[in-house]
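Below are two complexes that have chain A in common, paired first with chain B and then with chain C.
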Partner chain A sequence: MLGLTLREVSLALREGKVSPTELCQRCLHFIRKTKFLNAYVTVTEEIALKQAEQAEKRFLKGETLGPLDGIPIAVKDNFSTASIQTTCASQMLKGYIPPFNATVVQKLLDQGAVLMGKTNLDEFAMGSGSTDTIFGPVRNPWGYSRQYQERCAQNPEDTKDSSDWLITGGSSGGSAASVASLTCFASLGSDTGGSTRNPAAYCGVVGLKPTYGLLSRHGLIPLVNSMDVPGILTRSVHDAATVLGVLGGHDPKDSTTVPEPFKPFSLPDEIDVRNVCVGIPREYHAPGLSKEILAHWTKAAELFEKAGARVVEVSLPHTQHSIVCYHVLCTAEVASNMARFDGLEYGHRSTIDSSTEVMYASTRHEGFNDVVRGRILSGNYFLLKQNYDRYFVKAQKVRRLIANDFMKVFSSGVDVLLTPTTLSDAARYSEFIKEDNRTRSAQEDIFTQCANMAGLPAVTLPIALSERNLPISLQFIGQGFREKNLLTVAKWYEQQVKFPLIEFQDVADHVSEFPKTTKSASAF
Partner chain B sequence: MSSKSLRFLIFSGSRSKLLLRPASPRCGVLRCPGGEFVAGGWSLRLCCRLHHTASTTDGSKTKVPQSPTWEPVSESQLPPVTRVSPDLVDRLERLALVDFRNQEGVARLEKAIRFADQLHVVDTEGVEPMDSVLEDRQLYLQQDCVREGNCAEQLLRTSRRTVEEYFVAPPGNIPLPERDERSSLLKNSEL
Partner chain C sequence: MAASSAGVCTACTIFRLSGRYWFLRTFSYNNNFSSRNVQTTTLHCQSQPQTKRKTDPRKWVGVVGLEIHAQIHSNAKLFSESGVHFAAPPNSLVSYFDASLPGTLPVLNRRCVEAAVMTSLALNCTINKKSLFDRKHYFYADLPAGYQITQQRLPIAVAGSLTYNLLVRQKWNQVVTKTVRIKQIQLEQDSGKSLHDDTRSQTLIDLNRAGVGLMEVVMEPDMCCGEEAAAAVRELQLILQALGTCQGNMAEGQLRVDANVSVHQPGEPLGVRTEVKNINSARFLARAIDYEIQRQTDVLESGGWILNETRSFDYKSGRTTPMRDKEGLQDYRFMPEPNLPPLIVYDNKTVPAHADPQQVVNIDQIRERLPELPNVRRSRLVEQYGILPEHSFTLVNEDGLMEYFVSVARETKAEPRKIIGWIIKDLLGLLKQHSLNVSQSPISPMSMAELLNLLEAGTVSSSAAKQVFQELWKGAGSSASQIVQKLDLGLLQDRSTLEQICRTVIDSHQEEVRAIRGGNKKVLNKLIGLVQRELKGRADPVQVKTILEEKTL
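Up next is the complex of A and B:
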């Protein structure tokens, strides 16, 4: 039951095969059993049961609200949720209880979704491993899957330390882990540079980054105003489209949402790709790309060609500069966005208060970790008068070049681009923390942040298991506001590859409590 | 494509730096000048070797490039290395109201600056800066009428220190103390 897709379980609810309360209880029970993954910061048990009860009443009366009614979901802990702690995994907001719901959260609740809890993330969504959080790192459920464990047993020399677990990727690691570990059927993440797609790829789930301006950011604690979007994580492409249908649309409270009316769409089950043109950007073969992912990327292109699609090699010449550009713009906007945390109106407040300046400085010293402080300081450096033109404005110009690259390619007749999502499969924690957060982000975000720079929609889906029996994913990037086309192509490919379900449920029974790592990954 | 085995450096970790240049469209794979770079980080264990087979299973040519298409750049193309002076440290700490904490923090900023220096090799002559991807659209403005509010009590509840309907702030117009005094105030600060 827990391994079903949202579509399947929604049908089961409507057919009376399971009740919303029973489903909710099963998910809560499984959340308790999988506590060692550390995916959840707050589990909203009472609220969830109440919501499930209300959903059940609706089902009995035959007055269901829609496809999400009664469905357990989880929300990343940087979305404001009324009366529920919203921490951004930081001391700065620990214990902060927002007085309102983020628009996208409200939309889910209005459709009857059942909120299981708030998920763990890198502090303030800065990171690519979900390791820099005050609640401890998130573990990848695939590290405990029967598929991976059997592979480890066959090759003991490859797993030097069997208690060394795998990272989820980040920063929406908790959201990805919650869906991948079968404790909920969909979750909300945020995507600034790949923060939804990166953990989706490592955790073997579908991660959708909608077009910038399609979903409201009201209530999403901002990181980079010009690139943030709420992201959707689900177990199938069809589910992602369903959730998108509920969340999309103009919000008067977010002036960066486009005013055009949004029409939810459903994806056909029978798909013909003969009229589709798939572009393969040559610059996406970056140094460090694993042989396996390259092989799957090649095979995918072949598959499309055999099915009659037109596959062309294209060029996005400024791709390799995208990550540098992203680094500058991200830190500059972060420096601005983090200025609001001064301890006066919300969040942590230092007891040292001889003056406002001292109180602000020590509040921020106590509340932010090294990663956040590092980005703020870098951002402030790039925004200094002497550096403004050379770094910030220069980066803005490069951003235009990158966006133009995409425009040129799409206007030449390409419908979607097919690229890798990450350089390889999920890493072990002990390996991941050997480099600092900034270095890792530069490596992990390499294929994903371009879509954020240009504001384009992108979806990652798991396509196969690697040699280590871990998920490998590929990414499709589409034209702005053409999510239907993008997801249709992605769904077709999903149908061809038939990625296996994680064999996880009985494994959870045998996992004993691992000692919690108190040290998070180093630095900024 | 000839088969060569090259290892590409990726990112500035503790050793050499990632140096890139825009690859001109349609250029072939170029050799790393002067031998190997040192690779840092786990992902480079699976680092690439050039493949010389560019064919698919049925022998037709694949559209997916079988070797990395990035091109490394020499240090000489970058501006001189920036060293962050103690005065600059102080200035940034005052502007940001955030402290570096220790010398490692300063070193990381220097590395971040070096990473950002690669922007300078891109030719942006005649290019306008881009603020937002929605620049072609008009920003939506709400009607100037009150629709919700009257929630002062709710908002005050989120603050740690309030008096009646006021947020309480310590005295202002007092400049931030000098560096030495600051680091004794801030726990664990060595700068």
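Up next is the complex of A and C:
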């Protein structure tokens, strides 16, 4: 039951094969079982059971709200949730209880979705491993899958350190793990440079980053306002489209959402890609791209060609500058956005308060980790009067060039771009923390980050298992506000590859105590 | 001193009434100068009053620019729905956004944009159809987000002008018109308020004001002394009040003025400037600027340097002192506000065809709604009532006085020029003496009109009318005619009684009669006065004069 897609379980609810309360309890049970993954920061058991009960009443009366009614979901802990602690996995916001719901959270609840809990992340979404969190790193469920464990048993190279585990990617690692570990059917992440797509790729789930301006950011605690987008994680492309249908549209509380009305859509089951033009960006053959992923990428292009689609090589010449440019823009906005955390109105306040300035300094020192503080420092440096033109303005210009690259490609007749999502499959934790957060972010975001620069929609979907039996994913990037086209193409490809379900449930039953690591990968 | 000079010298009265601060400013200088001296010296602002004492009186010239923060009169704040009220209970008008809860976003209040556009039009500005918002960063306890949203790169309006008037007091009936250029008008957020409790070493924060919409009006350094600056601010205040875009009460902080002051020698480049803050009234503005000009002149005269610094005005000592914080050195790390798209305003030509009128701001429509501005109002008063320009100045500049005048004029046949005398000299004189506003006047326009009608109809003499006026001021509730009756102040119509009293006066003042007969006609006035005293001013002075003339000549 828990391995179904959202679409399937929604049907099961409707057909009375399972009740919302039963489904909720099963998920709660499994959340407890998989506690070692550290996917959830807060499990909202009471709230979930109450919501499930209300859904149950609606089902009994035949007054269901829609496809999300009674469906267990999870929300990244950087979306404000009324009366539920919202921490951003930071000391700064530990214990902070927002008085309001983020618009996207409210929309889910209005549709009858059942909130299982708030998921773990890199502190303030700054990271690509979900390793830099005050609640301890998130573990990738695939590391405990039968598929992976069996392969490890065959390969003595991989088993030499059995206590080591796999990272989820990040920063929405908790959200990806929650869907991948079958504890909910959809989750919200946020995506600024790939934070939804990266962990989705490593955890073998679908990760959608919608067009900037389509979904409200109201209530999402910002990383980079001009790039943040709520992300959707599900177990199928169809499900992603369903959740998007609920979340999309103008929000009077977010002036950057587009005023044009948004029409929810469903994807056809019979898809013809003969009229589709798929672009393969030359520059995405990046150094460090694993042979396996390259091979699957090439195979995917061939598959499209065979099905009658036009596959063309395209060029996005400014992509190479994207990461550096992102670093400047991101840290500048971070420096600004983090200024509000001064210990006065909410959040952590230091007891060292000999003066207001001292209190600010000690509060911010105690409240933020090295990564956050490092970004604040660099951001403020870039915004200094004498540096502003050389860094910030220049980065904005480069950003425009990157966006123009996409415009040119799309105006040449390309419908979607097909790219890798990550350089390889999921890394081991011990391997991952050999490099600092900044280096890792630069590596991990390389294929995903351009879409945020240009505000374009992008979706990652798992397509195969690697030699290690871990998920390998590819990404489709679409034209702004053309999510339907993008997801239709992605769904067609999903139908072709038939990615296997994680064999996890029985395994998890046998997982006993795992040594808990609190070591952080943060270093500057 | 204020009381004793009121109503004695007409010149002084007008001078005083045309603006409270001028009078008080004169008063403050009385320790060193005679009133007239100050009037003369501040008249020609090119020559500094203070430098008169120096060897070369034309050496240093003050240069003054202003930055004025006008709180937008609106039900809600600039980016949130919280209400705006002065002196509401602390932190009772604070939305999640105002408290900068993480995840909250600014939503621009259309009313504030309209107010800025209207103000810009009234100040002859060029309105930028597209303007941008920026974040200005600094840490302060009453700035919860750690930055202020303002318009640093591209403000809503630029390149305007403000025409204001100065009363030239040497020849008191002369009004001089001056113009100051407006550099720009920008929309921005107000901060909260901090209350420092030094005994408990605590700071209390009130966020009611945080996020209230401000229009920052930046004036070019086209002024040269405190008086000009105060007059320009007063005119701006009147314009804002006429538009309804700002209530303009300086004491409540709805209008706050920072002055940029420097001195230089004519023909030389501008000097290093200081910024003077913490000025909460127009008269303090004038004092602060003049103090600062003098201070800088003294520093330069003694071979010193002026520091580019922020100084605070202490109204008790009348001095400016350097502010403790290092604002001059602070880097605000400006950054575009990413949560607000560019602000677009339209005109009739550019407004989108199917735009929701609730969602767009149309410059042309706002222009049509512009009310009568103070300078137009003054010209209209001069034209319509045939009054003097300086009187129109006083009527418009004193809050509510023009309305008072118009009401009286409507209810009486008396000449507008006569009404002006009563209202400006007598009524306003008393109001000032008692520190009252026009709206607090114990004499309503109706009572005033009734009194003037009695005078006009010859029911009372003008001197009796003054007595009735004094009774009305006491506000016992009687009407003018009731007072006339009660105090028996009606004009003495009976000629024989009048003749009898004249006879008595003449008989007991033979010396004066001889003087008159000897050709000194002026002495006749003394006799008229004596008769009037005898009659409590109830006689018609012309009639008294005729009788006395008959009897003495």
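Some notes on this structure:
In this section, the second predicted complex is superposed on the first by the 523 of 524 C-alpha atoms of A that agree within 3 Å, B and C clash if a C-alpha of one lies under 4 Å from a C-alpha of the other, contacts with A are read in each partner's own complex, and residues count from 1 in each chain.
Throughout what follows, a residue touches a chain if its C-beta (ideal position, glycine included) is under 8 Å from a C-beta of that chain, and two chains touch if they have at least 3 such contacts.
Fair warning: this is a prediction, and the values are worked out from it, not measured in the lab.
In the superposed pair of complexes, A:102 makes contact with chain C only, with no contact to chain B.
Contacts of A:313 after superposition on the shared chain: chain B is touched, whereas chain C is not. By the document's definition of touching, both partners, chain B and chain C, reach A:252. Counting the residues of chain A that each partner touches, chain B and chain C differ, and the larger count belongs to B.
When the two complexes are overlaid on their common chain A, residue A:65 makes contact with neither chain B nor chain C. Touch criterion met: A:324 reaches chain B, while chain C stays clear of it. Of the two partner chains placed by the overlay, only chain B lies in contact with A:423; chain C stays clear of it. Touch criterion met: A:221 reaches chain C, while chain B stays clear of it. Legend: residue contacts after superposition of the two complexes on their common chain; A:12 is shown touching neither chain B nor chain C.
Applying the stated contact rule after C-alpha superposition, one finds that A:336 touches chain C and leaves chain B untouched.
Overlaid on A, the two complexes show chain B and chain C touching the same residues of chain A, namely 98-99, 226, 252, 255-256, 335, 342, 344-346, 356-357, 360, 380, 384. If you check the complex, the residues on chain A that touch chain C are 79-80, 88, 93, 98-100, 102, 217-222, 224-226, 252-256, 332-333, 335-336, 338-342, 344-346, 356-357, 360, 380, 383-385, 388, 392. Listing the residues of chain B that touch chain A in their complex gives 8-13, 18, 20, 22-26, 39-44, 46-49, 51, 56-58, 62-71, 84, 91-93, 95-101, 104-105, 108-109, 111-113, 115-116, 118-120, 122, 124, 127-134, 137, 139-142, 151, 154-155, 157-161, 167, 169-172, 174-177, 182, 185-187, 189. Considering their complex, residues 96, 99-108, 135, 137, 139, 141, 144-147, 203, 205, 331, 333-335, 338-341 of chain C touch chain A. The part of chain A that touches chain B in the complex is made up of residues 96-99, 212-213, 226, 250, 252, 255-259, 280, 282-283, 285-292, 294, 297-298, 301-302, 311-313, 315, 317-318, 320-321, 324-325, 327-328, 331, 335, 342-349, 352-362, 364-366, 368, 370, 373-374, 376-378, 380-382, 384, 390-391, 393-401, 403, 423-424, 427-428, 431-432, 434-436, 438-440, 442-443, 454-455, 480, 523-524.
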